[in-house]
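Reading through the structure tokens given below for one structure.
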Amino acid sequence: MTQQVELYRIAMRGPGDVSALEGLLQDKAFSADEVVAILGKTEGNGGVNDFTREYAASSFCRVLAPRLGCTPVEVEHRVALVMSGGTEGVLSPHASVFVRRQVLHKMGAGPRLAVGIAHTREFLAEELGRGAQIEETARAVHEAMRDGGIEAASDVHFVQIKCPLLTAERIEAARARGQMPLTTDAYASMAYSRGASALGVAAALHEVATPVPESAVLDNWSLYSSVASASAGIELTHSVIVVMGNSEAAAGDLVIGHSVMEDAIDLQGVLNAFAGLGVDAGVNAAARVVNVFAKAESSPSGVIRGFRHTMLDDSDITPTRHARAAVGGLIAGVAGCGAIYVSGGAEHQGPAGGGPVAVIARAADR
Amino acid sequence: MTQQVELYRIAMRGPGDVSALEGLLQDKAFSADEVVAILGKTEGNGGVNDFTREYAASSFCRVLAPRLGCTPVEVEHRVALVMSGGTEGVLSPHASVFVRRQVLHKMGAGPRLAVGIAHTREFLAEELGRGAQIEETARAVHEAMRDGGIEAASDVHFVQIKCPLLTAERIEAARARGQMPLTTDAYASMAYSRGASALGVAAALHEVATPVPESAVLDNWSLYSSVASASAGIELTHSVIVVMGNSEAAAGDLVIGHSVMEDAIDLQGVLNAFAGLGVDAGVNAAARVVNVFAKAESSPSGVIRGFRHTMLDDSDITPTRHARAAVGGLIAGVAGCGAIYVSGGAEHQGPAGGGPVAVIARAADR
Amino acid sequence: MTQQVELYRIAMRGPGDVSALEGLLQDKAFSADEVVAILGKTEGNGGVNDFTREYAASSFCRVLAPRLGCTPVEVEHRVALVMSGGTEGVLSPHASVFVRRQVLHKMGAGPRLAVGIAHTREFLAEELGRGAQIEETARAVHEAMRDGGIEAASDVHFVQIKCPLLTAERIEAARARGQMPLTTDAYASMAYSRGASALGVAAALHEVATPVPESAVLDNWSLYSSVASASAGIELTHSVIVVMGNSEAAAGDLVIGHSVMEDAIDLQGVLNAFAGLGVDAGVNAAARVVNVFAKAESSPSGVIRGFRHTMLDDSDITPTRHARAAVGGLIAGVAGCGAIYVSGGAEHQGPAGGGPVAVIARAADR
Amino acid sequence: MTQQVELYRIAMRGPGDVSALEGLLQDKAFSADEVVAILGKTEGNGGVNDFTREYAASSFCRVLAPRLGCTPVEVEHRVALVMSGGTEGVLSPHASVFVRRQVLHKMGAGPRLAVGIAHTREFLAEELGRGAQIEETARAVHEAMRDGGIEAASDVHFVQIKCPLLTAERIEAARARGQMPLTTDAYASMAYSRGASALGVAAALHEVATPVPESAVLDNWSLYSSVASASAGIELTHSVIVVMGNSEAAAGDLVIGHSVMEDAIDLQGVLNAFAGLGVDAGVNAAARVVNVFAKAESSPSGVIRGFRHTMLDDSDITPTRHARAAVGGLIAGVAGCGAIYVSGGAEHQGPAGGGPVAVIARAADR
């Protein structure tokens, strides 16, 4: 018996539109208990008050709950639901449904896509962005690797984390307990939570020396993971981890590869991720590629290759919306498709101002 | 005697920062009366209430006026000042200063960059988006070609137009006269004005049959110009035309080429514009390219290559901001630089959802 | 037997938070089949892509469906669910649950609050803003008055309508049928739909001469209803009508009164609505008032009492968000509470730039 | 000889429109060297990238410079120019021109409006929000009181401060010097700068015990000034102070009074400020009142009178824009006019969530 992973990219007409998933289940493309993770891009602002994430997550739960024989809330403990808000520019609302089943025979030779998931414990408001979040995240990454049958750190090509943020309500609650969160600004808390999560991945995969000092979060940009992708959301108080990698033990016809964008206009970095799997850029890419997963960031120096950008000083549009739109435009051009997963805020996820980009494609020799 | 055109790309630390132009004038890189056009990208929202355009334009006028021996207002009649608002994503605020002088000897062989300008008459609010705007724009394009010594329509590679928009005040004034403008929505009026301007270019360059019916504006997307670029601004009530092309009679070491993006993720279209001048994509491009001029647009069908985009339905961010960010991200990736001129709203400027992209680079054989 | 109407104002911690309604049902404050209407204020942008309305509506349906023994979708045909997006400034997300039951004895003397509801037929995209929408709305208002036992037009103090809008998708579909909707701009379509709905109310209550010419929509501002309130939403393709009035036949301890704001800063107009029920402004108001229902609008002339406002020319924030924030601030000051229903876009709902304001309070002699 | 102060409220059609000031100077209503301060409300977003403040300030300088026989830059050292961005909702772009001259005879009996100004020294990025800013501000307040002939702290009714903010550029410069500013978020830095400025006023006027600990900034909300109003702007690196009060020694026909709003919906607080000068609310107020000066704030607790507001969690609109719109709506209702000075972000300016409101009116007995 060996693990076979399939990836279905389904379009969404709105955050509450789960008709494509219902259709696949009705058509028996897979069964509900084979769904291991759903990564969605929803069309909200990706900020604190983006309820499209929560709405989409609850909609997916309602589809799966009766088929899994559990309550909608229990679905979230069985399936890794990661909804990332923000489809600026050419990006298109959609979800990636990862299906995992045990099969008798491996398809083709060589390593194939494997997926594992895990959950952290709940975090208190004052733990966000601090050592506790880094260490618990690292622990959960190892748990997810075991779950997916991925052995070496070098086999890991993307680690998606959904982590909590601070709301005015949660901040007040912490203060009432006599605790002081790292920030009182809800939007700012998203960056801290993403940053600590990413350093947790870096620690788990030996990309940085351990233990990582908590003072490094949002400060020492030389510490980062080349495969971490973290999104903060208002709808949860713990983190959900999805590890994607290749495994000799895995069946299926998909493979994953990754590269790193050194900055937000690093076309070559994007091309490398595709080339690593033997995929050409543009219209041809759309034929073999099933999805792309990447992080986008506004360079914290305020400068890209010597030219000033205005993303950090814009009081009308948040930096993450700017960055998703721009990097999404570049990657969509290479992928030949806007239905890709580009998430904003890449603190410690790739070098400062850059970010990881992973490609899942059909194996050339399938 | 022959025309020599130089292009200086100067960074701006804000819409009022004209220190780079002052420095060049002090250093005698050129004299004020050699400045024929300034195309700026300013860091406003690019919408109705974007005062960064007006602020930058008036700042440039204040620098040039004493040196030209005229008032700041008179500068606008001698120099084509086109300020395009919106530097979303990786785009960087800057200005392109076109300098034109008469020289004795032509540098190198073959056609070189030539520039010509013209002004239309003032437009009434009710003329925007209608036949009167189309026809007067076409007339002014021919005038600008003559001014620049550009003979054939096929030698024209980019036509930049700055055109007026409607404000609540102007709409009320028209109504008080008993006239009904095409729309009472200021933001919507920008699209009508850009559309009619572009069809004027298409008519002048024989890209469409003439006369163009005014009902085609924002309706018949099959009619378009492959080289028109129009920006609407609150600061003027007539249009300013800048024609860029190559001319055998021109001296200088710059050449211009162009291509068309068929949609907002048309990487190949962008690459073609660079390849036409023998320029490779990415880091290497930055060495030879002086600037890129392009238009970005949210596909009016709501779809890009079969996938829905959300730019037209976003009540938080205008479609032009979305489009500039995304297309700017793609072109900056190819150009290896964010200080490029990407302007939003490409109605009848390239095919629906796409747009023209022109590259000015140092000639390979200079 | 006589009709008794109760109004529960419940706070919402997010658009998916329906715990307060669940609590009231569990505590048997009322039964699910007594709920006749729910008017919510949700914390989205109130624009085209405001999914908080749809999310809240579906959340309320999920609570009521099992208790009504029907599907969530069927709930929408039995209960008038009107979610209005936008809680800018001091406004607070909440819902007004209208409960109606038959009781044996009338409480107190004099007219008391009565409520009736009705649904229109489905509208095609090309019918929005046109005669068909006006006439069908007027018909449904009469049906709702009969449903609520409200006899005379003068007994009607507020008519809430939830009406459809156009999306890029619906516009394309209409065009594919060879039909041309009034506008291709989704945000603009909301104004047309609200305007035609309000004129339908005005026609039903004899506030204007009938038939109302469809050319009056968004053009002849002298035609309006003093009690109409329309909100456009992406989540439905027909309209839902809720008529609120006083009836001698009604029991209960609530009464309703209304006034009209002549412009967006008409403090006296707001005070009149409260004074009509004998309620003082400020802290004291909060004791007797159960909720306030009002419409807010950006003066279409661009001017308020001789001073220019900037709401119509702001490309960063939509006019309806501006207007809700400002008028919400004024009414909340008088009401002593931010949990009030202030909805944006008051086309033909009160005079141009103004809007109706209705107050529901406990009867002084209860 | 005695000081006479006049206040001219002039409308602005845009941030560059200074025609009303030019008209008054041409009509000899006053001379340029009598202009002591100009407080403007400009129509930008009031955030980091609001260039309408700088544009308006430079436009006023260009009008005054030739008449004062100095350069535009020197004007800023002779006249207190305070441009506050943000005219959300019903607020109207305008400027308050304070004119001060020496006259022989005092008009009427009793104290009349007096105005004094002062400048602080330049602040380093790392001084913003810290003790250095508090103490230097307090010193400058005393200097401004002396300048205006205002003797007692109780005679001071409004202190307007324009203070610096941090930009990405300034933050980088400080880091390069080995210094760490309080925050790396430009928008957040505005709150720190306003807060320290307000505590400087409170210290100067003995409203709090001195020295004020710098840890109190944005933390101990029980410390505040009832008359301070601070606005942060990108266009300066020092602070400008304008003290307004009554003085027995002053001539003129204007008087000033103030009150405090306890929260953002404190109608009674607003009414008190008007009643203190014997002015009724609404249409009648507009006849006697020359202008209103107030601060607006999003309650940092996230709650107003027990009901949650959403201003702090909105990633589309900044909290200051929300607060200005709402509080502006309330005060404009009382003042009967939208051309009032309402500025956002009232940290330590009035109680948490509230703010000072001052009224300048013609004296009842003039």
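Letters A, B, C and D mark the chains in the order given here, with residues in each chain numbered from 1 onward.
The rule is short, and it goes like this: a contact is a pair of C-beta atoms (placed from the backbone, for glycine too) under 8 Å apart; a residue touches a chain by one contact, two chains touch by 3 or more.
In this text the structure is predicted, and so the values were computed from the model without any measurement.
J.: Going by the average position of its CA atoms, which chain sits the greatest distance from chain D?
T.: Ranked by distance of C-alpha centres from chain D, the top chain is A.
J.: Is the C-beta contact count larger for A-C or for A-D?
T.: Counting C-beta pairs in contact for A-C and A-D gives the edge to A-D.
J.: At what distance in angstrom does the C-alpha mean of chain C lie from that of chain A?
T.: Whole-Å distance between the two chain centres: 40.
J.: What is the distance, in whole Å, between the centres of chain A and chain D, each centre taken as the mean of its C-alpha atoms?
T.: Here chain A and chain D have centroids separated by 45 Å.
J.: Check each residue of chain D and list the ones that touch at least two other chains.
T.: Only 13, 43, 45, 49, 169, 308, 310, 314, 316 qualify.
J.: Classify the chain contact graph as line, ring, star, complete or other.
T.: complete
J.: Could you pull out which chain D residues touch chain C in their complex?
T.: Chain D residues touching chain C: 11, 13, 43, 45, 87-94, 264-268, 270, 281-283, 286, 304-305, 307-311, 314, 316-317, 321-323, 325-330, 332-334, 336-339.
J.: Under the stated contact criterion, what part of chain D meets chain A in this complex?
T.: Interface residues on the chain D side: 45-50, 167-169, 172, 184-188, 218, 300-302, 308, 310, 312-316, 318.
J.: Flag every residue of chain B that touches chain D in the complex, lowest number first.
T.: Of all residues in chain B, those touching chain D are 13-16, 43-44, 49, 51-52, 54-55, 58, 169, 234, 316.
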